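Scrolling down, you'll hit the structures one after another.
You will see chain A twice below: alongside chain B first, and alongside chain C after that.
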Partner chain A sequence: MLQLILFNVFNGLIVGAFYALMALGLSLIINLSGVINFAHGGFLALGAYLAYSLMPFVGFWGALVIAPFLTAALGLVVERVLIRRLYGRDPLYSLLLTFGLAYILEDVTRYIWGAQSLPYPIPPVLARPLSSQFFFLTGYRLFMVALVAAAVAALFVILRHTRLGMRIRAGTLDLETVSALGVNVRVLRTLNFGLGIYLAGLAGVLAAGMLGLQPTIGTSLIMPSFVAIIVGGLGSLPGTLLGGLLIGVASGLATVFMPSASEAIIYAMMGVVLLLRPRGLLGEEGRMQ
Partner chain B sequence: MTGGRHFGMTALVWVVLLTMPFWINAIGGYTELATRIVVMALAAMALNFLLGYTGTLSFGHAAYFGLGAYGAGMTLKYLVPSTALGMLVGMAIGTLAAALIGALIVRLRGVYFAMVTIAFGQVFYFISFRWNSVTGGDDGLTGWHRQPLDLGLMRLDIQNHDTVFYYLVLACFAASVGAMAFLLRSPFGRTLQAIRENERRARFLGIAVERHLWLSFVISCAFVSLAGTLYALLNNFTDPRALRWDMSGNFVMMAVLGGMRSFWGPLIGAAIFVALQDYVSSHTQNWMSVVGSIFVLVVLFFPRGVLGLLHGRGPT
Partner chain C sequence: MSDTDRTSVGGRRTVLRAALALGAANLAPPFIRAARGEQPVLIGLDNPLTGTYAAVGKNELAGCELAVSQINAKGGILGRPAELRVEDSTSGDAGTAVQKARKLIERDKVDFLLGNVNSALGLAMAQVSNEKGILHIVPGGHTDAITGATCHWNVFRVCNATQMEANAAAQQLIEKAGRKWYYITPDYAFGHTLQAALEKAAEKLGGTKAGADLAPLGTTDFSSFLIKAQAANPDVIIFLPQGDDMINALKQAVQFGLDKRFHLAGAQQELESLEGLPPEARIGSWVFEWYWKQPGVPHVAEFVEAIRKKTGKVPTARTWFGFVSTWSCALAAQSAKSLDPVKMAKALGGMKLPPEVALVPDQAFYRAEDHQFVASLFVGSAQASGADPEDLFNVARVVRGIDVAGRIEDSPCKLVWPG
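For the complex of A and B:
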């Protein structure tokens, strides 16, 4: 029993780390640009499939490095050509636009790589279980958690200690003043969008190794990411991280006791949080309300 | 909108709707398609009560649509074979859920409100998907059929006659749309529009903004769940896709495509959307790309929708 609980908590943490990685990207974009990027899941899938296609040429490690950057590059193009036109308009329009993009991305993925799920090979070094008692601790899972942790740490370092990060944080609070101080807000928003999509691409490559590839891989991960943001508190990146891990563990635990409720429980959590603390666990009062 | 123009538009809409079963076959459609257009139009207009007239972006209306559908289907399958009761139960369940969830979310605004409605929409999707033994899971709820309707003096055989069922749907549509138009012209409806235009000013005038938003949300969802019951009855079937997020997005799209600042806009949007989806999905596998491209194009080039374009005014 203990082993079962441990297994599911650990599993929940891994899944939660994914939610967090994806939700952090979404959060960055919402905070600075007020755009709910419904196509985030589509970018995640694209990252995964790009890595799959790159692998024969550059190997597992090469694909892991290159695919997220390619995804981010595509994100930059989409932002410059489409999403940029909708800044400052009713959020309804950007939501509909990214919604349409999500449709297109999923369909294009299916068209290029097929509707069947594909296996994503991982190096044998990582596929081994580390101990016979805790069979679920494969190298790949530990590696994944470590990589997500590193990515999140890097993100927070960028936001806190680089000029770009400081501008992003300042813009989140008051974009007009940042613009008046001479920062090119258009470029800032583009880079910020690219950063968010990079995280989606990275999450995609990692998810592929665990779940395999299918065109809907992104859509199944995006809803929990919304929940993670709401639970953690909109406007707070640490909150998003916390929210992602929390709902991951919660759904992991639910798998032990009531498997059929493993999805519903995160929405129940969201309901409780909204009831007791509408701004989310770490959200600032009055923001985004 | 001027009174005369509005009257002309309304008359035209009713003439078209009342005669649709007689000419839709001639232009390549079929009666069921006509019924689907009316059902979706009801859903889109109900959403627009909230979206266009209260200025609140709900992206989760499929949840209440689907609750209506499952409520009707499960009543007919498990409780009593009565179409009327199924519709009542479906509508009651959808409205009740909206009342509860609405109370949780009326304090949120803008992007945040939209996100929470999206997320809550998925709860019911997972329930219907997972609760196999009762809802049929991914395969959907089958093994039931809409029943003839007894009205005391006469008996409407909606089970075997698609055209009769069309007119039943149209009657429900007329009653709902009439009720919504009445509400929007009442002081209550004017208050909603005042909140849309300037929430802070409305609040300073002493209007209980949250209570109005909640009521608007519940009313909107009540009519959406009615549309959901009709949708289930139309197909004699319902599945989790009726309450998935893409359905919510389609409703919003219909409202925007037709013009969300005009009363009949969502009807036009629904007609275009449903007809197009029917045509495209029977001609190509890649209908998602086509529909997605329409989303993108409408947002970039026709944000005011068909009627907004005709009237030369719309949201700024």
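For the complex of A and C:
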């Protein structure tokens, strides 16, 4: 029993790392632009499908590098053409827009690649467990955790030590002052949105290697990301990371004791956090209002 | 300047008028057709085209469309052309499915209702069709109740009930894989009845249950379920989720190397799911409800060819469900010589289907007492690829539907006819 619990905690951290990757992109966009991007899952699916189409030409590794950039490029277009018009308005507008966009993206994926699930092959060297005892530690899952860690580290370096990152962080705190200081807020928001969508694309490619590739892949993965953000705290990227890991572990542990609640548990957690600490574990006060 | 303005306004108005006229012209043909006395017989399909079941729903649609074109080529239904009206029921929203069913029945005035892939949506639609007294065929919703506890005089079902699949699967598994089973079951009506059916079938053959976990519908990560299943050390891990969930679960099990330590199996498998899996994950023992490779069975090759021409792919069990359901409408009307639902339902109950519609080795028929279609089941194992790249299932044995359907005396179904 103890082993079962330990395995599930460990495994939950792996799953949670993946949730965190999706949630970080979402969190970046919410923090700076106040846009709750419901279409994040749609971009995730798009990243996965683009990788699928690229793979015959550039291989698994090439697709892993290129597809997230293509997804980000598409994100930039969407931001410039659609989302930009709604900055400064009630968040409800952008919520409705991205909600519709999520449906459109899912249907576009279905239209281009078909409703049928597609097999997404991964290199055989990654597709097996490293030991028979810890069979859930496959090469691919470790690779994924390493990549998530690298992406998170890179993100924090960008935010801490580059001019763009500093502006994004400053903008998150007080966009008006940043704008008054002469920073081009429009460009800042566009780049930030692109960065968020890049993370969605990356998560999509990684998900495709673990799961089946289906048009609904984004929709089914996006809800845990929202929960991760709320549990971890709006406005805090470390909080989002923590939130992702926590819900991964919680969901794994629920399977040991009450498997049918393995999905409900994360929403229950969200409820408890909202009741006891509405700003989330590491969130700033006042963000939720 | 003002002249040009006026011209441009006039131009826009002209375009608007033209558009209106075009719209009106589009409305005209049905009236003209009606006047000619060729009013079509309408078959309403209320089935998923979006969401989790979009792929299987679209395959059922392709089968329906092929049947309609064949029916019309053979003179239509009672001399009138058959026409398909299609609505997207969504994959899981019973409210939408019911609303679309009402729209088809009340506004479009369809003569037949078909649907649904999702058992729960099928049950909800059956209530509406029963209230309205419309002949309703469920192509691919498996839960027992449809032709069991909540059966109706007007409702027929083409795919198998879960108990039939379980009976067909259990024997092969006990013989080949072992007696101790661990179940991973989707947490909704279909999963519950399928697991119960398998437990019942296994118990008769001396099988035991090592454990069982209910996985929420739409679970993407099955790793924690797999960790628990392997800890129980069963002979067989039974996978009962369907569609995308099945793909996710099997793919992860194979990546974890569990296929090398346990026998992986289940009761119902579909070609759509095997196609979505990478070759190394196409493994395990399963039951197919229909398979496109049936050497020597008449008319199957023509059917496969026609669907390949239409969709570019081989037909799946889903395509066959749609095909048989639609043809059943035409056969019921022809046999009853009427579109009266009661007369057609009486004619369809007990009807033996001609081989060019049934496309199975055994005599296929609708059981009169519960309106369940009884045909053949295909027991075997998944394979990475056969001689044909779409040949992903190796049929070991064909089981007669009648042998696994259970005795009608044991069925909770009691049909109540109107009047």
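By definition in this document, the second predicted complex is superposed on the first by the 281 of 289 C-alpha atoms of A that agree within 3 Å, B and C clash if a C-alpha of one lies under 4 Å from a C-alpha of the other, contacts with A are read in each partner's own complex, and residues count from 1 in each chain.
Just so it is clear, a contact is a pair of C-beta atoms (placed from the backbone, for glycine too) under 8 Å apart; a residue touches a chain by one contact, two chains touch by 3 or more.
As the structure is a prediction and not an experimental result, all values here were calculated from the model.
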First, second, both or neither for A:100, with chain B first and chain C second: first
Which superposed partner A:164 touches (first chain B, second chain C, both, neither): neither
Touched partner set for A:73, first chain B, second chain C, both or neither: neither
First, second, both or neither for A:5, with chain B first and chain C second: neither
Partner chain in contact with A:271 - chain B first, chain C second, else both or neither: first
Which of chain B and chain C A:111 touches, first, second, both or neither: first
Partner chain(s) touched by A:260 [first = chain B, second = chain C, both, neither]: both
First, second, both or neither for A:147, with chain B first and chain C second: neither
Touched partner set for A:211, first chain B, second chain C, both or neither: second
Chain B and chain C footprints on chain A, overlapping residues: 106-107, 260, 263-264
Sites on chain C touched by chain A in the complex: 49-52, 54-55, 57-58, 187, 213-216, 218-221, 223-228, 230-231, 244, 247-248, 251-252, 255-258, 261, 272-273, 275-280
Of all residues in chain A, those that touch chain B in their complex: 30, 34, 36, 38, 82, 85-86, 89-97, 99-104, 106-108, 111, 223, 226-227, 229-230, 234, 260-261, 263-264, 267-268, 270-271, 274-275, 278, 288-289
Residues on chain B engaged by chain A in the complex (per definition of touch): 51, 57, 59, 101, 104-105, 107-112, 114-116, 118-120, 122-123, 126-127, 130-131, 245-246, 249, 252-253, 256, 286, 288-289, 291-296, 298-300, 303, 315
Contact set on chain A toward chain C in their complex: 3-4, 7-8, 11-12, 14-15, 106-107, 110, 114-122, 127-129, 132, 135-136, 138, 140, 210-217, 220-221, 251-252, 255-256, 259-260, 262-264
